[in-house]
Structure formats: C-alpha cells, structure tokens
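Here it is, the structure, as structure tokens.
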Amino acid sequence: MGESNLPVEDIRLSKGISVKDLVSQLANSGFQAQHLGEAVEIIREAKKENAFTFLSFTSNMAASGLRGIFIDLAKNRKIGAVVTSSGSFDEDIIRSEKPYLQGSFESDDEKLGDEGINRMGNIFVPGDRYEFLETKVSSMLAEIYKTKKELTTSELMAEVGSRLNENSFLYWCSRNSIPVFCPGITDGAFGTQLAFFQQKHSDFKIDVVRDFSKIMDYSFLEKKKCAIILGGGIAKHHTIISNLLGGGFDYAVYINSSSPYHGSLSGATTSEAKSWGKIKAGSKAVTIYGDAAILFPLLIASAEEFL
Amino acid sequence: MGESNLPVEDIRLSKGISVKDLVSQLANSGFQAQHLGEAVEIIREAKKENAFTFLSFTSNMAASGLRGIFIDLAKNRKIGAVVTSSGSFDEDIIRSEKPYLQGSFESDDEKLGDEGINRMGNIFVPGDRYEFLETKVSSMLAEIYKTKKELTTSELMAEVGSRLNENSFLYWCSRNSIPVFCPGITDGAFGTQLAFFQQKHSDFKIDVVRDFSKIMDYSFLEKKKCAIILGGGIAKHHTIISNLLGGGFDYAVYINSSSPYHGSLSGATTSEAKSWGKIKAGSKAVTIYGDAAILFPLLIASAEEFL
Amino acid sequence: MGESNLPVEDIRLSKGISVKDLVSQLANSGFQAQHLGEAVEIIREAKKENAFTFLSFTSNMAASGLRGIFIDLAKNRKIGAVVTSSGSFDEDIIRSEKPYLQGSFESDDEKLGDEGINRMGNIFVPGDRYEFLETKVSSMLAEIYKTKKELTTSELMAEVGSRLNENSFLYWCSRNSIPVFCPGITDGAFGTQLAFFQQKHSDFKIDVVRDFSKIMDYSFLEKKKCAIILGGGIAKHHTIISNLLGGGFDYAVYINSSSPYHGSLSGATTSEAKSWGKIKAGSKAVTIYGDAAILFPLLIASAEEFL
Amino acid sequence: MGESNLPVEDIRLSKGISVKDLVSQLANSGFQAQHLGEAVEIIREAKKENAFTFLSFTSNMAASGLRGIFIDLAKNRKIGAVVTSSGSFDEDIIRSEKPYLQGSFESDDEKLGDEGINRMGNIFVPGDRYEFLETKVSSMLAEIYKTKKELTTSELMAEVGSRLNENSFLYWCSRNSIPVFCPGITDGAFGTQLAFFQQKHSDFKIDVVRDFSKIMDYSFLEKKKCAIILGGGIAKHHTIISNLLGGGFDYAVYINSSSPYHGSLSGATTSEAKSWGKIKAGSKAVTIYGDAAILFPLLIASAEEFL
C-alpha cells in the first residue's frame, strides 16, 4: 500500500528471447503480467524451502496441452499430490492412447452432435474415444476387483495409473507414489463405468470419506505447503479446505478465469482464502486472472526448479 | 439466423411495475435481457409439459438469499430433484438456525481472519457458525448411524433433512421426497464431520457410486426433463452428465458468471451441451450470463407456474 | 469491515411481486444483489438532495430497450446531462423511425454480412437503416450549416434533437435543455456524415475542446453531483474526469460488465475513482457487476423518484 | 467445423525455452493458447504480404510495460498507424521522463487519495506526474500555437512527438511519419490542457472531423490492411469503422478482456466485425480472450517479422 519505490518498466523484446527472460520483465510491467511475475517468485521460493506442493486442476486442462506439463511434473517428482475432478481421468486415459482434436468455439453444436463429436470449448472429442474408455476402464476395474473390493479414490487411481502407459500422468503419479485425490469421482465417464461395474458387483465400493481423512493428514504432517491451483470447482476448493485444519498454505498461486464478484469459489481470491485460514495470514500468495492454458506454461517455464 | 421479424422494443417503466411485467418487456430488449425472457418461456413450458425438473446450484447460492426460493420450490413441490455441492449443506444447516451476515468484497481479509470471520464474497460467516455445525452434524450422524451404517449421499441428506426445522431446504426436500444429490459430499465442513465420524466408526460408509446409478435412473424413467442450473462446478456437470444416457434434457436454463472461452465446464453453454447430447438437439435451452443472485429471483417471479 | 449486524435474508417471492419489493429484498441477499440494493439507495438519496445527475452510457445500450428509459428520464427531466459515445446518435436517430431487430449471438456472421445485416451482440441492424441515417443526417447538417458553421458537439446534438420526433431521447434532451456530451463525436456512422459534409464545406467545424470546458463547468457550478454510469469506454471516463477538478462526485453508481483486473477504465471501480478524486472520498458509491440491459431497469423501477 | 485432423498436442517445456518455441506449442494446445498461436500466424502473414498495420490500444496499456514494445514497433517502422485514446498521451509524455510505480489492486483507495496517489489497476501514478504533464503540455501548446492555430489530432500529436525524447512512442511515431489518431482527444489530462489553452486563445482549434477523413483514406489507398487491436473502447471501434468503407481488414487480431455477451464493442469479436464488413469475409482474424499485458509480448516475440 502507499507509494512503492519500484518503477513500471517498459518491456524490450529481442529475437529468440527466452520465456524466463520475458516473464522476468513482465513482473515489472503491470496488471496481470505483474501477478504472473509474483507467482514465479512464490513457487520458486516454495521449491527452495522444500514445501510439499499440491497441484490442482480442472478436467478441461487435462484435455489441453497442459497435460504434457502435468506428466513431466509427476515424472520428475516436482509435485507432492494432485487434486482434480473426475473428468481428468477420462482425458488422461483416452489421450494416453488416442488424441483429442483441435476444433473451434464457433461450431454448429447440433451438427457436431450428429457427427458424434463432443465439444469442450475449442477441443473436439470424437465419440469413439469414449468407447475406448469404456472398454479400458471396465477391464481395469474387473482386474482391480479381483484383489480389492473397496478402495479410496486415491488408491483406485494408483491402481489405474499402474495399468496405463508412460504417456499418462496417472501412470507417473502411480509410479512415483504421488497421490491423486478426486472428491467427486463419479462425475464423469469414468464414474459411469464405476456405476455400471457396481451394478454387477454390489460389494465393489469407493470410500471417498477415508480419502478425505488421508488428504487432511498431509496438512498436519508436512512442514511447509504450497498450492498451485488452476481453475476452480471442486478441485480448487478441496485443495484448500483439506489444508485448513493443518494451518493453511504457506505459498499459493491461483490461476482463475472467473470473477470474484459473484461469490463463487471458482472466482474466489487467495486473499479471501486468508480470512478462512485456508491460506496462512502473512503467506505469499497471488491470484492471476486469465487462461491457464497460456499462463501455466509461462509459470513453469520460468521457475526452473520445476523443470 | 438471418433477419428476425421481431423488433427490439423500448422499455417503459411505471410506478409499482411487477417483475413479471418488466421481464416480459426485457424479453424484447436485447443482450442478456433477451436471454432472461427466453428462459422464462422455457421453464414455463417445461412446467406445463410436466417435465421433471432438476435444480442445480453451487454452495455460495445457498449462502445467499436464494436459499429462500429453494425452500419454497421444495415446499411447493415445484422441483423433482436437487444437485448441489457439499457446501450447500453447511449453509443450509447453519442458516436454518443462525444467520450469515452482510459484508463487503473489499474487506481486509487478514484482519477478518483475526476476528474469526470467514468471507464468501460479500457474505461473512462468523466462526461460531461452524462450531454450531460441528455439534449439530456429529450428533445427527451418531443418531443416523444407529440404524444405518452405509448410505448414499441422497439417503444421508434425506435423513439429515428430516432432523432439521422448517427453515431449511433439506427439511422440505426430505419431507417431500425430493432427492438431493451431491457427488462431492466430502468437500466441505459437513464432509469434515463425516471424516471424523468415520475415524471413530470405521464401518460407517457413504456410497457415492450407488447414488450415481440412482440419479441416472431418472434420466431413463422420466418422459420430459428440465434443468435449471445456477453457476458451475460439479453440481452443473453432474446434472447434465446424469441425463446423457437417457437422451438429454428437453428444456434447460443455465445462469453462468463464467466465460465459455477457457474451456471450463462452469463456463460451458447450453449449445455446447447439445454436441454431447446432454441437452437434446432441437430442445429449448438458453444460457444467461450474469449473477444468479439477481437473475434467478427474476426468473422464478416471472414464471408463475413455479410460485 | 469486521462483523456487520445485518443478516443475509432469504428471498420470498409471491405472485405479482413488484420490482421495487423484490429489489428491496435483494438488497439483503448477497453478491451483486446487495450492490443493486445499495445503488437504489444511493440514487434515491441523490435525487432527494437535488444532486445534478450525469447519465453515461455506451452506444449498444441505445440500441437496446434501455433507450425507452433514457427517453423517459429526459422527458421527465430526471437527469441533468448525458455523456455518451457517437454510436448512440446512430441508434437514436434510426430507431426514432425504424426498428432494430432481435437476433442471436450465435449467428453465422459471414452469412449475415451477405444478407446486409449488421450484428451488435444479439441485435441485428439491417443495412437499409444506415441508408436512412445517411439521408437524414446529411439533410440535417445542411440545414444546421445555414445558420451555424462551427458548433460544439453538445450544441450540434441540441440542433439535431430539435429536428427529430418524440420517439427520440435526443429530441427530449434538446427540448428540455439537457446537454448531450460526446467527446468522440466522429466515431460512428453519424461521424462519417460529418466527415463527408466537411469535405464539401471546409468551413464546417466541430469544436470538441470548447465542449470539454463546458462540461467541466458543471463540476464547479453544481453543489451536489451524481453519476449513473452504464458500461465503460470514453463515455464513462469522460463523465468522471470532467468532474475531477470540481471535487468529484457525491454519489455514483457504475454498472460494469468488465473486470477490474486488467487495468482498463471500462472495468475500473468506484473505489479506484476515489484515489483520483473523480469520486469524493467518503461519498456514496457502488459498482454493480453485470449487464445493464437487465440491471438498469431494475435500478430505475426501484427508485421511484426517477419515474 | 466437423472433425479436424490436427491433434491437441501435449506441451513439453525445457530450460531456457524461447517464447517462440513455447508459443508454437501453445498453438496446438487448446483454448486461448490455440487462439494465440493463430494470431501469430495471422500477423506474420500480414507482414509478409506487406499489409498496412493499424495498432490500436487503450491508455492503460501505455501505462504498462507494453509501452516499450509500442516504442520499438514505431522505431523500427513495423506499424503504419496508431489509434488510441487520449490517456495514452498522458502516459507517454509523463513516462518519457518520470516513471509510474508498481502498486496493488487491493489498495485502500481513500488513503491513496490522501497521499496524492492515483491508482490505475495495480499501477500507481503519483500526483506530481500530472503537475509535470501540465507544465510540459502547456508549454508545447504555446510553442505549436505560434505556427499553427488549427490542427487535426494526428497533426497535433506529430508536433507533440517531435518535442519529446527518444523514450517516447509519440517521438518515434512523429520521426517515422506514423500518424497517431485519437478520435477522443479531449478525454484526459492532455485534453484538460487543451481546454485551458483554448480558454486563453479562442482561435486555437482541434479539427477531429478532418482527421476522420484522413484515417478513412488509408482504407482506400492501402491494398492489404491488418489490425492489431488491444483492448476495447473508442480506439478499437475507430480502427475498424475507419476501414469499413474501404472494404474491411484482410488480417485482424483482437486481444479482449471483455465478454461479447453484453453487446459492448469492447467485447465484440472479430466474427461480429465480419457481419459489418469491418473485417472482410474470408479474411484471417482471431479474438484472444485475456490480458494484453501478457498476451501482446508473447504475440510480438513470436512473430519475428515485428522485431
């Protein structure tokens, strides 16, 4: 507050400029560019302080190119836990074998429907991808069921990941013992398969309550905690509420495309989270308003500790 | 497409003008006013056609004055099922006995935190409300556990509702046999109590998978279906995915504050849902961009079939 | 700040409920509903205190049903001055004789272009409307030029208004001596006619600088000042900068659909304006986030002093 | 429309990755990342085709680090004309000698006001900057007045630019004969000085109408035309309306933070512009939703023809 001594600096571009060099200039440039610069500093410090890092994202992000970054973060053990929504499992399982397609926001949706193409913004998912998913998931569930009748979501996703290939973030999370939490596991095509499987095997159960106990444990056991939260919804809220009782986050970066002015959690700011103790008072935290499909790559490419 | 024959009409106000009269003028006025007008027509027709109506909302809405409308819709049996996020249970249980307070978006959040006040946009929730909730929920769970060790979420919320007073929408849903679905039941303070209770009673289980089968059944059993979806997140997605296999909605109104251009489900349009078959091709559907805290009362006050 | 003593109240609807009654409930409901309630109180008090009221709006609003409210406010002398962008003159002149049409946001724009239909959101303007405008404006300019070779924008619009019919807000502003300011007069189809006219009559001049002196005078001469600002752009900024030197507004309501987080003036808040002195420290001011096509009718219908 | 053959590709980051390499990956990634990639291709092709390029921006951008890019584009003659709002002149003149400061969106605005600090989003402008501006502008106007009593805005800004130093985009535009158009010249602190100067020298006149004729001439004279439009308001609209009669743009990139759903020009899409003929049917055009403070540097750093 009050007059800062740091000037707003003009940006100077040059051929071949690196992302890191550009983002270090953006930090002094104003508006959301400044917030992006702050975010880089926050997650770099978190990594230096060995903070346990929760990565939270919505399923549309797993449908986009961001999935490649999620894979590498898991492969290189740069994150401690993942919190996401159920759709992410659909996207990861399918895309580990079959691509999604580049489309357009301005499509004729009824025509797409006729052609069997499902639209997610400007990403197209042909219907045969879901047929693949159904076969794959039902066979995995049958296999898992042979040894375990009741699992938490994170246990289930570790089992699923171990049955996928290296082109999957669930695979790398499983292999590197990074738990993947999903408080709303039924809400997607994967969940539909759970329902169908249970209709035939009534003793097959998913215990979401035990998983909540487990994620809360991290909050108590880990000394320093960092949250990188892309988008909103249940993945965002679950990450922060799970860390409430243990004292809240020490470091937090939100990337939001929602507005805070309608009271939604999706649009809620890191500042609001401090009133709840979900993020610690006095901690380093910033909200960047914009599209994670662009901002998250800039963030990670500029924080070399994550590469 | 092409030239419509309907003119944009100028609005004329008068002292004491009714909401219904104003909204019928807004319908011919342009921009989101036009969408609001379309939405009124859609839900009126749905009601006349006896469509089974899903009401979906995010928890912040249960923290606002909208809760009064939810109560009356349940009391008067104007809706067939509810889909919401877990926080709604916190808000309804607390507010059935203790008020939330009017606050400000521009608060000093660290100071609020010191004073024990949790901020949700411009609504303040004093910390003692959660103490009340913990006592209430843990005692209800203990009681329910005496007769049932394992429940779906909708079964649990019917039990909970029957233990609340008339100033609760869970009460009216329970009394009027309106199922309340919540695919992410653990994600809130109510969920925290579930976790604590289970830590002491390991055979206490919530079966979310069975509830997904149950909600999908409506999709097949009901002839005509209508969705009124306020806000985004898991409640929105769950409502539409649950109706996918049964052929999609015949009528749908979304009230969104998110943008469609970042690929989030929260910002997704009724048009996008048609590519998936979540909303039927050729059905009547509209997305209104704005704050449900204002738009939903206008919608319901103008569609007298819901009063 | 801190704990307010006012509870969030549940909304209760009833058949035939008036806008005023509903909005008085919204005031205690939370999120933007609360801001709308505050706005009603602010402009009612401004009117009781005989504050001089600037009404500012963008041209798309004059293309919508809001134009009817602008007409009545001018006819009933409820506003002191208007600040708008040039497109508003196109919309008012055309619509005083020929309607715009209800369209759709999801149109095929290239096809519309082929059909000679111009799209403004979900409002369609057939191309012949601009032919009418060209004929009308060029003939008015020729007439005005006979007596005045050089005018300020507000003088020009008073002349224009006097040549229109009662179905025009420019007519009522002119008849009731309400000045209409437009700092960017050339930026529209009306402006194109100015350019063409000047190409033939090189001594025809518009003096925008003198108009700026004139609007600033109000800031010094009027005791209490109120701003009702719909949308952003130059109309918004001009209203507040014109009142800076005279000490800023005593009352202000903004209705914004833009976000404040990108540093644009369109998204700037009433709070930010206080740092500049464009709105007085300690004054009553509120920003409502949403679509003016819905919110402005609610505001005026609830503030009976404006009817 | 229909199924595209291009897959959504996963992003792979590496240490030291260049902006160009990252953005070429973003192009295949989805959501706004895809739009950014398209925008790079569009302006590269425009440059190869020697299209005459209009750069349009709002004044807040000139207050941010983007001003450095504007300077270099003008210095290196990469743009043909500039269209902006009046505030840009304030920002450029001040910042050519005195810095703005990095601030915060969450400031106490009344306290800032007491300290004489003006807030523009998270950029602070200490009050003494405006004292500097007043002295500078009034002395420049006095000098210009000695030789010219009446100027168009673009003539005036060429004169002003020639009196500034190399740390100014107005300087480089003036030196390289790049016209700077501003249809709303009075709307800012620079405009206030125009008003004060004219109060003492009543024969001093700004002719905005003649400037509109001049900018429209480009539309007819240039063979291929490209628009790069940052933000909305009058600068955006003026750029496209000025090119309407000459057949519309061949290439266009918008970077918007506003939504199209409220009918504002600020939120209007490149698609909508095609219905008007402001952008040619069949031309290459894209709208990127997000913050130009981040997106514009990515765009220009990736389109090496502009460096």
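Here the chain labels run A, B, C and D in written order, and each chain numbers its own residues starting at 1.
Note that in this section a contact is a pair of C-beta atoms (placed from the backbone, for glycine too) under 8 Å apart; a residue touches a chain by one contact, two chains touch by 3 or more.
For clarity, every value in this text was computed on a predicted model and none was experimentally measured.
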Any chain that touches chain D and chain C: A, B
Distance-maximising chain from chain D - centres being C-alpha averages: B
Where chain B and chain D are represented by their mean Cα positions, the distance between them in whole Å: 43
Interchain centroid distance [CA atoms averaged], chain B/chain C, Å: 35
Rounded Å distance between chain A and chain B, as computed from the means of their C-alpha atoms: 25
Sites on chain B at which at least two other chains make contact: 30-32, 60, 63-64, 107, 112, 117, 121-123, 259, 261-263, 271, 289, 291, 293
Pairwise touch network: line, ring, star, complete, or other: complete
Touching residues (chain side chain D, partner chain C) in the complex: 58-60, 63-64, 85, 87, 105, 107, 109-110, 112-114, 117-123, 183-189, 191-192, 194-195, 198-199, 204-213, 216, 231-234, 237-238, 241, 245, 257-268, 271-277, 281-282, 291-293
Partner chain C, residues of chain B touching it in the complex: 1-20, 22, 25-26, 28-36, 60, 63-69, 71-72, 95, 99-104, 106-108, 111-112, 115, 117, 121-124, 126, 271, 289-291, 293-295, 297-298, 300-301, 304, 307
Contacting residues of chain A [partner chain C, same complex]: 30-32, 259, 261-263, 289
